[in-house]
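Next come two complexes built around subunit A: one with subunit B, the other with subunit C.
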Partner chain A sequence: MLFEVKDVYYTRMRGTPFAVEALKGCSLTIPEGKITAIVGPTQAGKSTLLLTLLGLFRPSRGSVLFRGQDIHQAPFDLEALRLRVGIVFQSPEAQLFEETVGKDVSFGPRRKKLAPAQSRHLVQESLEAVGLPYEEFRTRYTASLSGGQKRRVAIAGVLALEPEAILFDEPTAGLDPQGRQELLALLQRLKTEHQLTIVLTSSSLADVAMLADQVIVLHEGRVVLSGSPRTVLAHAEELLALDITLPEITQIALGLRSLWPALRCDVLTLDELEEELVRFLPHAASQETQLSSP
Partner chain B sequence: MIEISRHISFGQYVDNGSRLTRLDPRAKILCFALAVAAFTYISQFAALALCLFFCLFLQWLSRLPLRYVLQGMRMFISFLVILYAFQVLFYTSSTQATSVIWHWGVLTISWEGLMHSTQVDLRVIFLYYLTSLLMLTTSLVDLADGAEALLRPLRRLGLPVHELVMVFVIALKFVPLLITEVERLSIAQATRGVRFGRGNPWQRIRALSGIIVPLFMSGLQRVEMLSTAMEARCYRAGYRGWRRSKLHALQWAGADSLALACCLLLCGLLVALNFVSPF
Partner chain C sequence: MIEVNNVTFRYSGEAEEGIAPALEEVTLRIDEGETIALIGHNGSGKSTLARLLAAIVLPQRGSVIVDGLRTDAGGESLWQIRQSVGLVFQNPDDQLVTNTVIDEIAFGPENLGLPRFEIEERVEEMLDLLDLRPYARHAVSDLSQGQKQRLAVAGVLAMRPRYLILDEPTTMIPGHTAEQLLETVRRLARERGISVLHITHHMYELADFDRVIVMNRGRVLLDGTPASVLRHREELERAGLGLPLITQLGQRLRARGWSQLPEVILTLDDLKAALCSLK
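So, the complex of A and B:
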């Protein structure tokens, strides 16, 4: 297990009139080398959870373990953890602070005091991993980039730290459908090519159902459901009640339930839905063969 | 460093429906001006004690957690302590002979220096408290409306009152925005290996310097966004023969008159006490 969260409580803006209890007894585990999606409606505590994992927020109760070690106990080096586990924030503007792309991406390597040649190599590699040509983007001003490009630069900045895991806060928010597909493909590639552990949050299962190995559903600071995307989707009606967007296929399956109440709704692809429908319409299969035979 | 806004309450508005938040902003600003004038005038400890009681009374009325308000003053007070040291060490009085307690080179600690500096700093603390309480209990719009209504007579002299008030209020309310911005930048840098609040003072200052430039950049961007948004909504400060209308017209109520009367009474008491009191 990369991370273990045990019964964590955290109140944001504690001691002020704006105090919000963000995490209330949250317990979960994040396995290594997998993609874990944390799904929940707004105000469920997703972003707070990510910052708590990195030790940026110190829980008022409970503990966070990184490879079995409590991150708030004395011998543990929090700064070292933050270099090994990167985070990409929801809005890329929240992350970029240098003037040019090259300077921003190289911030981490320079912090690590790497040799200039090595740092340059890392920057080039990271920028190209996110699909931005190094020579073209190195001297561009971060303020002049488009939203999608900024997000990529932010990811490159984290990749340049050579992390073991990256946490993504709502990576697909505010992207157009194509940008969303590209980003999800990038996440998949990071997992397979760089053997990275990936944790992402989302308010919709539509994007992450195909991508994630494990889904954790968060509501009001607590875990309400967890398991493989299929196990979680089996509770489609509860998810809808929590205002979580479902994949289109699941929505269709859920709609068809008014006709066949026993229809499974944990389907991920059109083919699966078709198979499921055929189960209920025995003559449909024969009709189809008739149509396709001549 | 990560949740600094927790510790800085200056410029925040807490809408808790207390008596103070419900007062007419004009009454609050008038009372505030009166109290500031009186607090600045007094020079006796007995009068300062009365100020303390007045502040405690306001604190009770505001229903704000005392810890929150005091926490907000922590940074300010640590700054004041440094000032206090300088004041005491370099105190020179032209009128009276000083009773020296300790002397070394140009540095002197005298009884009068201690007393005088304590008074000045107590006054500054009370003034800071009044200012932050005014902002904690008054929203941006109310503050602007109230100030504008009070300064309206100056328009006859050709002063652009509305614009001036607007600029002033925006400047005040940028404080919490800038604090959030510092928070954002320090999180972004902490996640990429910067250590805040560690190491010797020089290293700490170095770590902070990386925040200043991006802070200015984003501050300017925000200003640009704000002005675009104002223009997009056809904001006009007002020109000849055209007046802005208000969604919430200010209404002077009995409580406002009472507050003003109490404040006048307090000022009178403070001035009188200042005359009478032997110390």
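So, the complex of A and C:
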């Protein structure tokens, strides 16, 4: 296990009239080399959870373990953890601050005082990994890029630190369908080609059903469901009640249940839904004639 | 009525770079009280069309005429056009200008120079209409994306436009929130005769609109009722748009022998009704 979260409580803005109990007895595990999606409505505690994993928030109760070690117990080195686990905040395109793409991505390696050649190599690899050819983009002004490209530059900046894992807070928010697909494909490549552990948050299962190995559903600071996307989707009605957006396919399956209550709604693709639905339909009149004619 | 007559528009500098115009020879008409979904791939010209209708940019060839006023006539008519055509941007943060929800709704009417009681009346009305009453005194910056998007719509509607243009309002907000927003907007169109032009990437949002316009490479590719547009599967696919999954499911079942199913199924209710008739 890369991370274990054990019965964690955390109150945001503690001691002020705005105090909110963001995590209330949250327990979960993040396996290595897999994609874990943390799904929940707004205010479920998703972002708080990510920051708690990195030790940016200290739980008021409970513990966070990284490879079995409590991150808030000496001699654990939190600085070292943050070099090994990167984070991409929401709308990361807003956090680019250097003039050019190359400079922005090299910020981390330069801070680590790496030799220029090594730094250059890392920047090149990181930009290529996010699908931005190095020679073409290194001297481009960050201000001249599209929103989706800026988001990739921010991700490259995290990759250049050579992390073992990256936490993404709502990586697809505000992207159009095409940008969304490209970003999800990028996350998949980071897992398969770079062996990274990926954790992402989303308010929609539509984005992650085909991507995640594990889905954790968070509601009011607690884990209410977890498992493979299919296991979680089997509870579609409960998810809907929690204000979680379901994949289009699941929505259709769920709607058809009023006709056939036994219809499965843990279908991931149109093919699966079609086969499931056909089991319930009466034989088509024209089907026999089709079969008998050549 | 808005008339778009043979309009061509090119962003400056694009001609020298050999880029095709953003809009090319576009002709269409928007009637009062119509709800229209405008769909197309990135770069198809949707947002440019929205800006032309709101007189934010002017056509280089052809004309846009809003209730008899040409958008390129300048002067007083420009003010009238801007007041009757309301535009809501994709990202509400791009158009929210004040600190609190009430101030934001009042901003437009105040700038129209309306008397105080009239402003207050419109603010009250919008708070109810867009479910913003619980947040009336909240800071705009504390609202969620969905609430901000509703506030942006409220601010525009408070100026009582005759035409409401929504430029991809559902990209930034979760699915069910988006549905609620669209339902509210369509209800307004029915009740008050406001025309709505909703720009979207999502094929599944088309079903409940009176009319669908499909744009491709700066031109109108298809224009008609949702059902008639969705009959053109191949043209849509060439424009980078797949049929909604529910329509695809219906067509797959037809191909497997349930040939009495309609060719174009738009909504879950349609699908259920059609499947029930098979039983």
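The working rule: the second predicted complex is superposed on the first by the 281 of 294 C-alpha atoms of A that agree within 3 Å, B and C clash if a C-alpha of one lies under 4 Å from a C-alpha of the other, contacts with A are read in each partner's own complex, and residues count from 1 in each chain.
In the analysis below, contacts are C-beta pairs under 8 Å (C-beta built on N, C-alpha and C of every residue); 3 or more make two chains touch, one makes a residue touch a chain.
A quick note: this is a predicted structure, and the numbers were derived from the prediction, not measured.
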Quick one: classify A:Leu259 as touching subunit B (first), subunit C (second), both or neither. second
Using the touch definition from the top, say if A:Arg111 reaches subunit B (first), subunit C (second), both or neither. first
Look at A:Gly174 in the shared chain and tell me whether it touches subunit B only, subunit C only, both, or neither; answer first, second, both or neither. second
Look at A:Leu273 in the shared chain and tell me whether it touches subunit B only, subunit C only, both, or neither; answer first, second, both or neither. second
So, A:Ala94: does it touch subunit B (first), subunit C (second), both, or neither? first
Tell me the contact category for A:Asp243 with respect to subunit B and subunit C: first, second, both or neither. second
Is A:Arg14 touching the first partner subunit B, the second partner subunit C, both, or neither of them? first
Using the superposition described at the top, list the residues of subunit A that contact subunit B and also contact subunit C. none
Which residues, counting only subunit A, touch subunit C once they are in their complex? 42, 173-178, 203-204, 206, 243, 245-246, 248-249, 251-252, 255-256, 258-259, 270, 273-274, 277-278, 281-282, 284-287, 290
Which part of subunit A faces subunit B closely enough to touch in the complex? 12-18, 51, 54, 56-57, 79, 82-83, 86-87, 89, 94-99, 107-108, 111-112, 143, 157-158, 161
Which of the residues in subunit C end up touching subunit A in this complex? 41-42, 91, 144-145, 168, 171-172, 174-176, 201-202, 204, 244-246, 248-249, 252-253, 256-260, 268, 271-272, 275-276, 278-279
Would you tell me which residues of subunit B are touching subunit A in their complex? 2-3, 5-6, 9, 14, 16, 64-65, 67-68, 71, 184-185, 187-195, 210-211, 214, 217, 221
